[in-house]
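Input: structures, listed below.
Look at the two complexes coming up: chain A is in both, with chain B in one and chain C in the other.
And then the complex of A and B:
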């Protein structure tokens, strides 16, 4: 049963319609969650005992850095599925996730630098493993997009870039564990700890709301971009032409 | 209100971080919808050219 559903989902016209139905809901949900999370983070959460109000940058830094990594995992998984089973839609998902993920990785780097200046006294530290591996994530996205840019044939671009995406996924656990394996300026994990999160509820809830909002934001724009990508890839198929003809009358 | 904007002396950092985040969110929305619109237009263009090459019946006067 699941297999049949998966099969249906991987059909471009079905997914195109599903994405158009879901997009308005996803946009509303993500904007509402981000607005609530911003209010919670700037107003409701109490100031940190060490960093005062400066810690409030966590509510934009952590969600964007997390999204930069999550988008990469989505991209690599989709690329692997497309490479192994030759599913056209999977490659379209991978391509659509890349620019979104790259922009949030850059945002994670920039907000991290802004946060680093007052707390560590520096915008950047080359000897910090977390920072350097996260910068590498940004370069992986750039490499992926550049590789696609210089490869003329789309099928070849799909397969070549899929290899790069899958190999690069090794960087994700390295980023995650870098703060435990090496001594870094960057603080250790706060939420994903064995003994539970080391942060009080009134600080944690806005952060989780913000992370959820960013995740829905990603899925929303991924779906919109995917619809465009599907139209480009399916321009010779009957359903896409019929769809355009119908929308023009 | 001023107290809120000052953010305990971290105002410049906090507000620039939030401002840049808002900018990236908006740019992403704009970018993505522009890509979608362009894809639709490109497909429409292909279909437009296609219909131009269809044989047309000319009226003989």
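And then the complex of A and C:
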């Protein structure tokens, strides 16, 4: 049963329709959650005992960094499925996720630097494992996009870039555990701790809302990009031509 | 699964594990270089380089901060609760610098085991709370002490 559904899902016209139906819902949900999280983070949450209002950067920095890593996992998994089973849609997912993940990663880097200057006393430290491995994540995205850019044949680009995407996923656990394996300037995990989050509820709830909002935002943009990517890849097929004919009216 | 698909799966799994193992070995080899700072205990044990700059990390001992009048020079003691090292620094301090706070200083150790810092960074921990909660925690801690 699941297999049949999976098969149906991997059919480009079916997925195109599904993405078209879900997109407005995803956009509404993500905008509502991000608005609520912003209000909660900037207005409702109390200032931190040490950092004062400066801590509020957490409400953008943590969701961005999280999505930067999650988008990579999505990209790598899609690329692996595409590589092994030669599913066209899977490669389209990987291609569509890459620029989104790169943007979230860049946002994480920039917000971290802006927070770091007043709090740590420095924008950037080349000796900090967390910082450097996270920068490497950005370079992996760039490498993936560059590799696709220089490979003319799309099928070949799909296969080559899939290998790079899958190999680069090793960086994700390294980023996550870097603050535990080595001494770093970057602090340890606040939410994913064995003995529960070390942040009070009134500060944590807006953060979780923000993370959910950013996640839906990512899926929404992924679907928007995917629809374009599917049409480009399927431009010679009948359903795509009919669809483009109709929308031209 | 068709033989071709199995072949591709084995191929990508082998490439992945090959790179994973080499990454693991490389990180293990660079273990020492990946550490951002040394603790006072490591410095006492002679693990830190003595001829060039390195970073020392720990807590600022409460009550140890003294400022020299008429200059930007500040003295404080960094501890990991086992060993302590006195630090001298001249310059601007980050916002989070304070007594009982984490700190990472970069500089050199003198003959007399004094640390002369060129750069002071505040290390924030993973705790976030409103001021009232922090105050209540400090109060209950005080109540527990005899």
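Quick note on the criterion: the second predicted complex is superposed on the first by the 248 of 249 C-alpha atoms of A that agree within 3 Å, B and C clash if a C-alpha of one lies under 4 Å from a C-alpha of the other, contacts with A are read in each partner's own complex, and residues count from 1 in each chain.
Just so it is clear, contacts are C-beta pairs under 8 Å (C-beta built on N, C-alpha and C of every residue); 3 or more make two chains touch, one makes a residue touch a chain.
This one's a predicted model, so the numbers in the text were calculated from it and none came from an experiment.
Undergrad: Answer with first, second, both or neither: which of chain B and chain C does A:85 touch in the superposed model?
TA: In the superposed model, A:85 contacts chain C only, not chain B.
Undergrad: Taking the superposition as given, does A:118 touch the first partner, chain B, the second, chain C, both, or neither?
TA: It touches chain B and chain C both.
Undergrad: Can A:105 be said to touch chain B (first), chain C (second), both, or neither?
TA: neither
Undergrad: State whether A:161 touches chain B only (first), chain C only (second), both chains, or neither.
TA: neither
Undergrad: Between chain B (first) and chain C (second), which, if any, makes contact with A:64: first, second, both or neither?
TA: first
Undergrad: Look at A:215 in the shared chain and tell me whether it touches chain B only, chain C only, both, or neither; answer first, second, both or neither.
TA: neither
Undergrad: Between chain B and chain C, which residues of chain A are contacted by each of them?
TA: 47, 51, 54, 118
Undergrad: Can you check the complex and tell me which residues of chain C touch chain A?
TA: These residues of chain C touch chain A: 5, 8-9, 12, 15-16, 19-20, 23, 27, 31, 34-37, 39, 55, 57, 92-97, 101, 104, 119-135.
Undergrad: In the complex, go through chain A and note every residue touching chain B.
TA: Residues 34, 38, 42-43, 47, 51-54, 56-57, 60-61, 64, 99-100, 103-104, 106-107, 110-111, 114-115, 117-118, 217, 221, 224-225, 227-229, 231-232, 235, 240-241, 244-245, 248 of chain A touch chain B in their complex.
Undergrad: Applying the document's contact rule, which stretches of chain A touch chain C when the two form their complex?
TA: The touching residues are 46-51, 54-55, 58, 80, 83-85, 118-122, 125, 127-129, 162-163, 166-167, 169-170, 174, 181-185, 187-190, 193, 198-200, 202-203.
Undergrad: What does chain B use to touch chain A in their complex?
TA: Residues 4, 7-10, 13-14, 16-18, 20-21, 24-25, 27-29, 31-33, 35-40, 42-44, 46-47 of chain B touch chain A in their complex.
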